[in-house]
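Chain lettering (A, B, C, D, E and F) follows the sequence in which the chains are written, and residue indices restart at 1 in each chain.
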Amino acid sequence: MTPFDSEGGIFMGSRRDPAGCRVGLFGVPYDGTTSFRPGTRFGPAAIREVSQGLETYCPQLDLDLEDLAYADLGAVDIPFGAPEPVVNAVQQATTAVLDLGLKPLMLGGEHSISSGAVAAVANQHPDLVLVQLDAHADLREEWLGTRHSHACAMRRCLEVLPSGDLLQLAIRSGTRSEFHELHSSGRRMDDVQALRDAMAPWTGRPIYLTVDLDWFDPAVLPGTGTPEPGGFLWGDFAAVVDVLSGHRLVAGDVVELAPQLDSSGVSSVLAAKVTRSLILLLGADQ
Amino acid sequence: MTPFDSEGGIFMGSRRDPAGCRVGLFGVPYDGTTSFRPGTRFGPAAIREVSQGLETYCPQLDLDLEDLAYADLGAVDIPFGAPEPVVNAVQQATTAVLDLGLKPLMLGGEHSISSGAVAAVANQHPDLVLVQLDAHADLREEWLGTRHSHACAMRRCLEVLPSGDLLQLAIRSGTRSEFHELHSSGRRMDDVQALRDAMAPWTGRPIYLTVDLDWFDPAVLPGTGTPEPGGFLWGDFAAVVDVLSGHRLVAGDVVELAPQLDSSGVSSVLAAKVTRSLILLLGADQ
Amino acid sequence: MTPFDSEGGIFMGSRRDPAGCRVGLFGVPYDGTTSFRPGTRFGPAAIREVSQGLETYCPQLDLDLEDLAYADLGAVDIPFGAPEPVVNAVQQATTAVLDLGLKPLMLGGEHSISSGAVAAVANQHPDLVLVQLDAHADLREEWLGTRHSHACAMRRCLEVLPSGDLLQLAIRSGTRSEFHELHSSGRRMDDVQALRDAMAPWTGRPIYLTVDLDWFDPAVLPGTGTPEPGGFLWGDFAAVVDVLSGHRLVAGDVVELAPQLDSSGVSSVLAAKVTRSLILLLGADQ
Amino acid sequence: MTPFDSEGGIFMGSRRDPAGCRVGLFGVPYDGTTSFRPGTRFGPAAIREVSQGLETYCPQLDLDLEDLAYADLGAVDIPFGAPEPVVNAVQQATTAVLDLGLKPLMLGGEHSISSGAVAAVANQHPDLVLVQLDAHADLREEWLGTRHSHACAMRRCLEVLPSGDLLQLAIRSGTRSEFHELHSSGRRMDDVQALRDAMAPWTGRPIYLTVDLDWFDPAVLPGTGTPEPGGFLWGDFAAVVDVLSGHRLVAGDVVELAPQLDSSGVSSVLAAKVTRSLILLLGADQ
Amino acid sequence: MTPFDSEGGIFMGSRRDPAGCRVGLFGVPYDGTTSFRPGTRFGPAAIREVSQGLETYCPQLDLDLEDLAYADLGAVDIPFGAPEPVVNAVQQATTAVLDLGLKPLMLGGEHSISSGAVAAVANQHPDLVLVQLDAHADLREEWLGTRHSHACAMRRCLEVLPSGDLLQLAIRSGTRSEFHELHSSGRRMDDVQALRDAMAPWTGRPIYLTVDLDWFDPAVLPGTGTPEPGGFLWGDFAAVVDVLSGHRLVAGDVVELAPQLDSSGVSSVLAAKVTRSLILLLGADQ
Amino acid sequence: MTPFDSEGGIFMGSRRDPAGCRVGLFGVPYDGTTSFRPGTRFGPAAIREVSQGLETYCPQLDLDLEDLAYADLGAVDIPFGAPEPVVNAVQQATTAVLDLGLKPLMLGGEHSISSGAVAAVANQHPDLVLVQLDAHADLREEWLGTRHSHACAMRRCLEVLPSGDLLQLAIRSGTRSEFHELHSSGRRMDDVQALRDAMAPWTGRPIYLTVDLDWFDPAVLPGTGTPEPGGFLWGDFAAVVDVLSGHRLVAGDVVELAPQLDSSGVSSVLAAKVTRSLILLLGADQ
């Protein structure tokens, strides 16, 4: 008995059966703490649907999904209502994926779910490094009455990250207090080159990459709940992939896609292509 | 200090100051338990916005909003997360409206909020009768892990309704068990004439009308989370208004508008016209 | 030199050259006085575009467009800005159509344009009867600073209608004062049968039919600027066509389609089918 | 080896494995001959997706999907390009469903696919009666260069229907020649009562019901390629279900849903509820 | 008595009462001369609505709205119809804002309204410099029959700008004649560095910034009536803000948002963030 | 008798009559092989419609459409069904345009139509060079059962291009095998400078430019069937125009616009501006 519900679509080329696979995708259709515009619950389904229109081959990495065994395990069966039980369910599901010998790749859903997955991965990899792509600092202690709001996602992750090694790439929105912390802590990387430099000494350490899709500019990804002008384009993400290809990625997530806000569907296509890159990075890593 | 937040729009012709008014509108932008398609949180704002395009005069009732003093008090300041505290906040807000000497008219938001308002009104009017327009029975004891799901709305209302006098007009969707209860209890009215007959002996008793907008056919109101084919048209609602005009309406609510699901905006216009009818009925009642 | 601009689409099966035709369509892409939601300027183009998907044969009338010669003259070249010059341009264009020996059929645009066309037709037919399908009375003397607002459309038409014989079918929205006038004047027809009865003595008199598409229920025509719940379905329009088929229709208009408000396109399809009926009625009349 | 591709969604409560089932659903995502607005290829996926929001219980029939075993076999693996091979693939797939001992229920896709399914069913049931719900006659011999256009659907069905017993319910659009045939053949049923009367002598004969969803009024189903004003509401369909519940339904199809044309999603919900009715009718039949 | 109508939404963190404030926002919901795609009338409301989702802190300027007192005065009460009276009303409203001791910040509406505001500000600051961000030159003498079309916006502004010092940043669309004037006059700045250089000698002079949002690339701001490919991204606007932070901004406007053309809402979010920058620049200036 | 159907819209400033013109536009509303999201059949109409909002003057080229005679010949009358006959019809239509002494500019429709036009142009210009802007390699031998899929567009073009001189600009999606061919053949140009260098020796040779609009980034052109993140902005296209302005462009096409996928309309505006550039390049060339 697994904590997953296998109905619904499947990511292009995935297997249902995890046996023999190296990577395990799963979705968390949760948007319970979203204060502005809900809908990230539809993110995993949208990524799976449009993935069918992608090529399996990635020219940047010169890798092909067809050469890799990976499973799409379906949706985590989440309890309804408050966020804490959801985070706990995510932690259990991620642990189950790790126990199957797979590298976890979680599709959100809102960002609050990341701390559950990070906790599970950090249990297995105590020296885990967390890399965050995001428009927002997400360092609030509490927001609108809950400590598990998506606006608190990184604050919660820091609590379950033994190493405390969090790198936040080019955060562009937050409170004055959050920006003070970003700068004083040295966690804010100004650009991809700074990220590359900061990670250079960490070859071989396990990396968890959390991709809040609102890191991208609203021009390329309008389908997200709190779009923030001034973001990044695909080429910037490709540069991050290039950095990571020299490191040891052990887990990741792709969150905050709200597909119904972008009737053109290009936000979902971008999210699916990000997912393809992460599957290949996770699968290529020894 | 009131439990309302007065920012945002205002219903056509309303005052902000409740002094001297007979009816008090307020919104509850909550959709936390919605399992299928969220967005009723945007309902109150949409009703207010499109209300500006309506006439103040209602030919059916031959009454004009311009002859009536009514206030739009704004949004209830709801806690974030689980539904119980929201229902409690709604009850307190409704009590505050009653204490101001106003008849409450609540704009949702999802249907789970109704039990808070019904509880407050039943405290003042112990012989309160509850009339429900709805596509769904909403009689589940629990749904997806919470007793305060919108699928449980009427079950919770029954618990706070001393008289137990609930009339459910032409419910067309539910479980086999719910339909068994609908029929065995005698609460399901097959049509408006049946409602008229059932209410005939109750002249003078206080009435609370809860309008789950999915009672209407999806043709006239596509903007709702769980549309159910086979519903009612405006003429049917006008017949209900005609029935109620001979009774003593003391409170009401208009819930489950999800305006972003209907890009034409006609769902919001219908909801605003329903609201106009209820303001006039509440204001006309002695 | 004609007052028309022939670029853009064309109604299904129409000719460009009016020679030998019996009916002359033209568009007036004007929405300058629209106070709520603009966009009727796009109405004529949308009607033309979707007309290509209709059959030419009408089972109700057992008439086929293929058996009739009719022209689509294009758009009236309207001056930009205030409404008076537009109304004057419409009058001149309608007169030009009449001078070509064609029966005019105007596609709007907002309702304020109708008085220009009615004036031209009444010059040729002093005993003209005006039949209005509309949700709104449109009898304001002035609205938002102009006497030519679409909310004043029928007030202006009455001024250029020598007979004063206006029949307003089942108007369902207006001010208290407008409804007082509707009832005291005897101009409001409660239903199609009342229209039939009222017109019975008028066999042979020239009829102008103005169809404000918001007469239809928003369920079947959401694409209009001021939708009003409680309207009519296609079968009701077919009944009006049946009444008119026993009379002498000499001109007509189809106004207030705002196609961009209905992304499904069914509003435009309905308007095109209404237009087909009117072409056939105009063409069949001797 | 089956002709189906089982990736993608699944209809609410269906099994993947046909063993022990009485009804077999399958989808045909084909819209190759659509001349006006394509997109019915997305119909089966949309019906499956929104089916999850329906109740399993049908109050009209007092039957519950939970009491029935039925399978969703997935999509027919159709060749790309011209329509003939698609129709052939549909016939083979339908035969495969019949060979499994299941009653076939096909989700389209455009109407041209029906002749493949009818051919397969008529092979097993030579006295098959075909009942058509549709806005259009679909009796053209050829359309836009192919004999397998959706505008020729019924012409092709007649060729593979040994009994020739086709009943066409209240067709409202077609050419003059098609209407001549409809009336002279006696195949056009003017209303549901006429259908009931015509079928009365046929108790026990096998029935195939083809539901072109544009039979419904565009108000309740705007999401179809060639919407035709003047159609039917849910209550009318319920009346047809009532007629059929006294007969022996052996197969059916639900075609011409173009979900992307209706951003509110209510067209898909209606189609899913139609599908629920048909599953229950097929499953109830001995 | 003020010329403003205070109903409707409010910009994040604004006060209604101007007492003690340094900046005064107001909206002008006017799109009367728009020839192509109307809808900028909805701009002010959309900016106010989405502003609620922004942070108050601006990392670029290291300034926080919470440290500043500013008022949102509501909508200018504009006459309906021709543009001249609207421009006059805007001039009076802007003068009223200045008389209250506030720096005016106007939200459009179409660009034709700017000359009214510029006239009022230039009355107080005769050496006013006007800086224009725009895709279009807007230098036509007349357009479609009116001298106050939005295509004439800068021509009209030049007439009320005593200094004649207008800088037009990287205009990319216009007639051959407009481009000739842009180049011969030296008013077209090729890029932000050129703007910086041109303004260097003008420290201390009062600046009015008019932001026609179509200056941005349609990728980041699709919601405008006449989108022009080849525009600017957020980083370019940030560079302009950097230039202005060394100057004395005394007034500004943000015009030509047509929110209904961008269903994702990101255009409105961008416009709200531009507005936040301008409030902070206006408030910071001594 | 021409192979064109002249009903429908017309590109800004075009003539209907080809006499005396230098450039001949025509549309091919075909999307029959589109496997993912159809709708490019609506491309030509959308380009024509929004072209009316563009200026005639191009600042980059300092050329004005008003100084040039060019015709919009309408739509190619294409047979319905399989792609081969469509490609043949395109070849005949292109030959007809060449025989009229016009330079052909084709508006798609899907990319599979290009080989028909290239074949016709190569018949007249045997040393024709083909330049491809595209996200995808389109070098498949066959796709989903047809050799004329849009995924095979360039493979088919190569078969009718005697010189074999194809340059593929910065292709970013394909199979491993396609990328192997791209690199081994030397046909993939990494950037515009590489294109400029490769073309430098070819002054005076006839050039055909095929613009698959998905070459652009989905940010600036979301309205296409298979959007691929990581594409180009307007400035990149302007650089290509600059390269081509030094060469001899003899024909071109603009394909794969699916306007209904981008409700903001900016994709169509971009496509129309691309078309304007190509008309000017074709008209300027001797």
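We take it that a contact is a pair of C-beta atoms (placed from the backbone, for glycine too) under 8 Å apart; a residue touches a chain by one contact, two chains touch by 3 or more.
Not measured: the values here are computed from a predicted model.
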In contact with chain B as well as chain E, sorted by label, we have A, C
Given over half shared residue numbers means same and under half means different, the chain C/chain D interface is different
Between D-F and A-F, flag the pair that has more C-beta pairs in contact. A-F
Which one of the chains is farthest from chain B, going by Cα centres? F
Looking at CA centres, what chain is most distant from chain C? A
Cα-centroid distance, chain E relative to chain F, in whole angstrom: 38
Chain A and chain D have mean C-alpha positions lying a whole-number Å distance apart equal to 42
At which residue positions does chain C touch at least two other chains? 217, 219-220, 262-263
Chain C residues touching chain B in their complex are 36-37, 172-176, 179, 217-220, 222-223, 226-231, 261-263
So in the complex, the part of chain B that touches chain A is made up of which residues? 31-33, 35, 38-39, 41, 79-83, 144-146, 149
Can you list the chain D residues touching chain B in their complex? 52-53, 55-57, 59, 62, 64, 217, 219-220, 233-235, 238, 263-266, 269-270, 273
